[in-house]
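If you scroll down you'll find the structure; I have some questions about it.
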Amino acid sequence: MSNLTRREAIGTTAIGAAGLALSATASSAGAQEPQPIAAIAGKHIPKPLRFDPAKLSGLSERLITSHWENNYQGSVRGLNTIEKRLAAAMADPDYPTVAYAGMKREELHRTGSMVLHELYFDGLGGDGNPGGPIFEALDSWFGSYEDWEAEFRRTAMSLAGGSGWCILTWNAHTRSLHNYWAWDHMHGAAAGVPLIALDMYEHSYHMDYGTAAARYVDAFMANLDWEVIDARYQAATT
Amino acid sequence: MSNLTRREAIGTTAIGAAGLALSATASSAGAQEPQPIAAIAGKHIPKPLRFDPAKLSGLSERLITSHWENNYQGSVRGLNTIEKRLAAAMADPDYPTVAYAGMKREELHRTGSMVLHELYFDGLGGDGNPGGPIFEALDSWFGSYEDWEAEFRRTAMSLAGGSGWCILTWNAHTRSLHNYWAWDHMHGAAAGVPLIALDMYEHSYHMDYGTAAARYVDAFMANLDWEVIDARYQAATT
Amino acid sequence: MSNLTRREAIGTTAIGAAGLALSATASSAGAQEPQPIAAIAGKHIPKPLRFDPAKLSGLSERLITSHWENNYQGSVRGLNTIEKRLAAAMADPDYPTVAYAGMKREELHRTGSMVLHELYFDGLGGDGNPGGPIFEALDSWFGSYEDWEAEFRRTAMSLAGGSGWCILTWNAHTRSLHNYWAWDHMHGAAAGVPLIALDMYEHSYHMDYGTAAARYVDAFMANLDWEVIDARYQAATT
Amino acid sequence: MSNLTRREAIGTTAIGAAGLALSATASSAGAQEPQPIAAIAGKHIPKPLRFDPAKLSGLSERLITSHWENNYQGSVRGLNTIEKRLAAAMADPDYPTVAYAGMKREELHRTGSMVLHELYFDGLGGDGNPGGPIFEALDSWFGSYEDWEAEFRRTAMSLAGGSGWCILTWNAHTRSLHNYWAWDHMHGAAAGVPLIALDMYEHSYHMDYGTAAARYVDAFMANLDWEVIDARYQAATT
């Protein structure tokens, strides 16, 4: 077993932002308060939009801004709240299992919402023209780009009027490309790397399109930034 | 847009087993039958166990063999069936959306079951002694290995008596480690890389332990192969 | 075992609209086509609104009409489609189980959506003033009407920004009143009789209120027809 | 609005066991502690088996006893725990919505498990021979009793190897009979009255049958008490 100190361990493993936060806290001399648990520190910070929400084609500034401010940021806040409660529960060995289950479900729920929304917004701002290795891969895996798009749209429309996500995914375990149907923020293929996350919750389109979900999907496709999608694909497969 | 032929495209992108199968099919001269769609070719082949099922500690050969033959292989067969039906539906533009939704859900369901079961079985066969960078990382993210294990077990036990998975996951988007609760084969954190997949469906333990799920979790932990877990962690983070 | 003919059986049991449709079909002389299966005949007919959608307080005609025409009627159509496909599958003993599962899930999904939407719309059109035995019962079960309403609103708001229903339910098995959280159209307490069905899918409010779900709940409460609610309660409990 | 006192209200409405418990508490003079909230008093008491678990055909005493003691009673205990926590949260207006959502989900989960298990056990102990109006109704709604049983078994088997319930249900809203697929304890048709609840969680059969779920369904059918089923049907439809 390892003889490394915690500090050395942090230096030798890939630790993200939360881990660094722990490190900073741990190094403050004489801290009396309990150490925050890095995994559930409740310190997620919303990411800004990387494009001007007034400049998308067919998706109004009001819609995008509401989606980003209310739905996305609401999930980040919710995740922070639930992480702090989970951390508190860790200190209580008698915490009821049945209540713990409910919190763990919300942790998954809000994590999925936060991550998928970030992938959604970061995938917008482009001109909708596909290209690069991801284009070739869609062609190979689905017979043609058009066949892929037809299956992607059909999957999306099977969620219209309700909730969920349609997710082009690189399955890192089976090493294959798929359009996965997801009923809510918690669904997704095990070992899946999301490349395109199309939000089918009604907050994504009702303000602009009412129930005309197919027109929303048109607008989504027209704003996709395929350089971002391709970069995700290449990062996942190489 | 690209001018590459499909064959060249295959050569330049990371294509897995199904893609190669397509390639082989596509090259056979004079084929009259429709091209299989590589993404949903329905050709998944069960992976063999990498350990002798008679040699685990506290998990009987009968249990492991039944789990692997019936539950895991049943999911592989189910996925192959549903993929072929999805491929057939792609040729029918009038296929009802409501029926398509049901099939897409089963595709996700069976994919998750296949992948998680492969991660489950491949993670067994060890001596249960943790070590390496993953051990250090658990220490960093949860305060100590013991605290991690306590949270992992609590999450698992919150699913006892029902169904689901407890999954130690590297979240590649937030770059952090978490124990995620999963209600069924379809649940999992978006962008999550499963490192330990603990099956909490009752077929994983009832034959040996009845409802004594905590004893099953003991046995699972005692057979974990941490070299495999660590290799997954290092592959995910570097 | 009974010696009743089918016709006599129909006469002695409570058979609803679909059963009568079967009866009519069965009586047509010389029919060559297979008998429709009454349980899954795919003949559901949308119910009209019982109030003028232009006359609700705080819920626009555009919103109510869109909700009723698109979301509700879409579910009725989807249910009819899936029932006919289930009926066809009954004639095929080799129909794959995995595909059947997907259709049965959609049957439940669309049934729930149809029924809950009918309860939703039929519960509107009133002045929001509670009274009668249901008012007394809420007082008894929750300490006061105000405490009930606080719990009902909190349950509803826990679904804001996503999907689901908040359902005041008479549990006919435990013989008690509860506000149940429902994640989607398929959720509901076993043996539950819905008394108030508050739609929390975003199509219920986004057009009028955007993400301000609490204001939508205000409007919903202000339009509740408590005579209808009370009649449901009395029918369920006597 | 009503001028009835709470006591009079209780006298005029159908209040079950929990309501009576409240009544008793409310009448005790000088109580200083907060009133329990009858709807979530956390006082559910497990029901005894109405048959000798050693006397079923093809379902072992060990299996039935384990199922009843551990799975069923575990759910009753879980529901009591979560109800008490919900009651405590009602007194805290700042209780986080995200944590409340998790508890409401567990309330539904455990309620469904308690109710469905009671219907399951109370439906056993018979000789499996159907008769009475329910038999005639199955014949009418499904074409024949045999067709009904085929659809019931197919629905059940679509859940084999996982979790859920297959539920013959009188839909009190559509006034029709259906076999509903249910993925877990929370699923069920809105306004549905369960007549036969077939538990497909693996704890229902693995001890006796391993993964041979079809043989378990055989055994379940052979022990059904159709007098009970028929009584439920008649109560629901008259």
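All chains are identified by letter, namely A, B, C and D, in their written order; residue positions are counted from 1 within each chain.
We adopt the following convention: a contact is a pair of C-beta atoms (placed from the backbone, for glycine too) under 8 Å apart; a residue touches a chain by one contact, two chains touch by 3 or more.
It should be emphasised that the depicted structure is a prediction, and the values quoted were computed from it without experimental measurement.
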| item | value |
| --- | --- |
| If a chain touches chain A and chain D alike, it appears here | B, C |
| Contact-richer chain pair [A-B vs A-C] | A-B |
| CA centroid of chain B to CA centroid of chain C, Å | 37 |
| Inter-chain centre distance, chain A versus chain B - centres from mean C-alpha coordinates, in Å | 20 |
| Chain centre separation in whole Å, for chain C relative to chain A (CA means) | 33 |
| Chain C, residues touching no fewer than two other chains | 97-98, 101, 105, 183, 185 |
| Touching residues on chain A, where the partner in the complex is chain D | 78, 81-82, 85, 96-99, 101-103, 105-106, 110 |
| Residues of chain B defined as touching chain D within the complex | 66, 70-71, 74-75, 161-163, 183-184, 201-203, 206-207, 210-211 |
| Sites on chain C touched by chain D in the complex | 1-2, 4, 6, 8-10, 12-19, 22, 35, 37-40, 44, 90, 95, 97-98, 100-101, 104-105, 107-108, 111-112, 114-116, 118-119, 129-133, 135-137, 139-143, 147, 150-151, 154-155, 157-159, 167, 171-183, 185-194, 197, 237-238 |
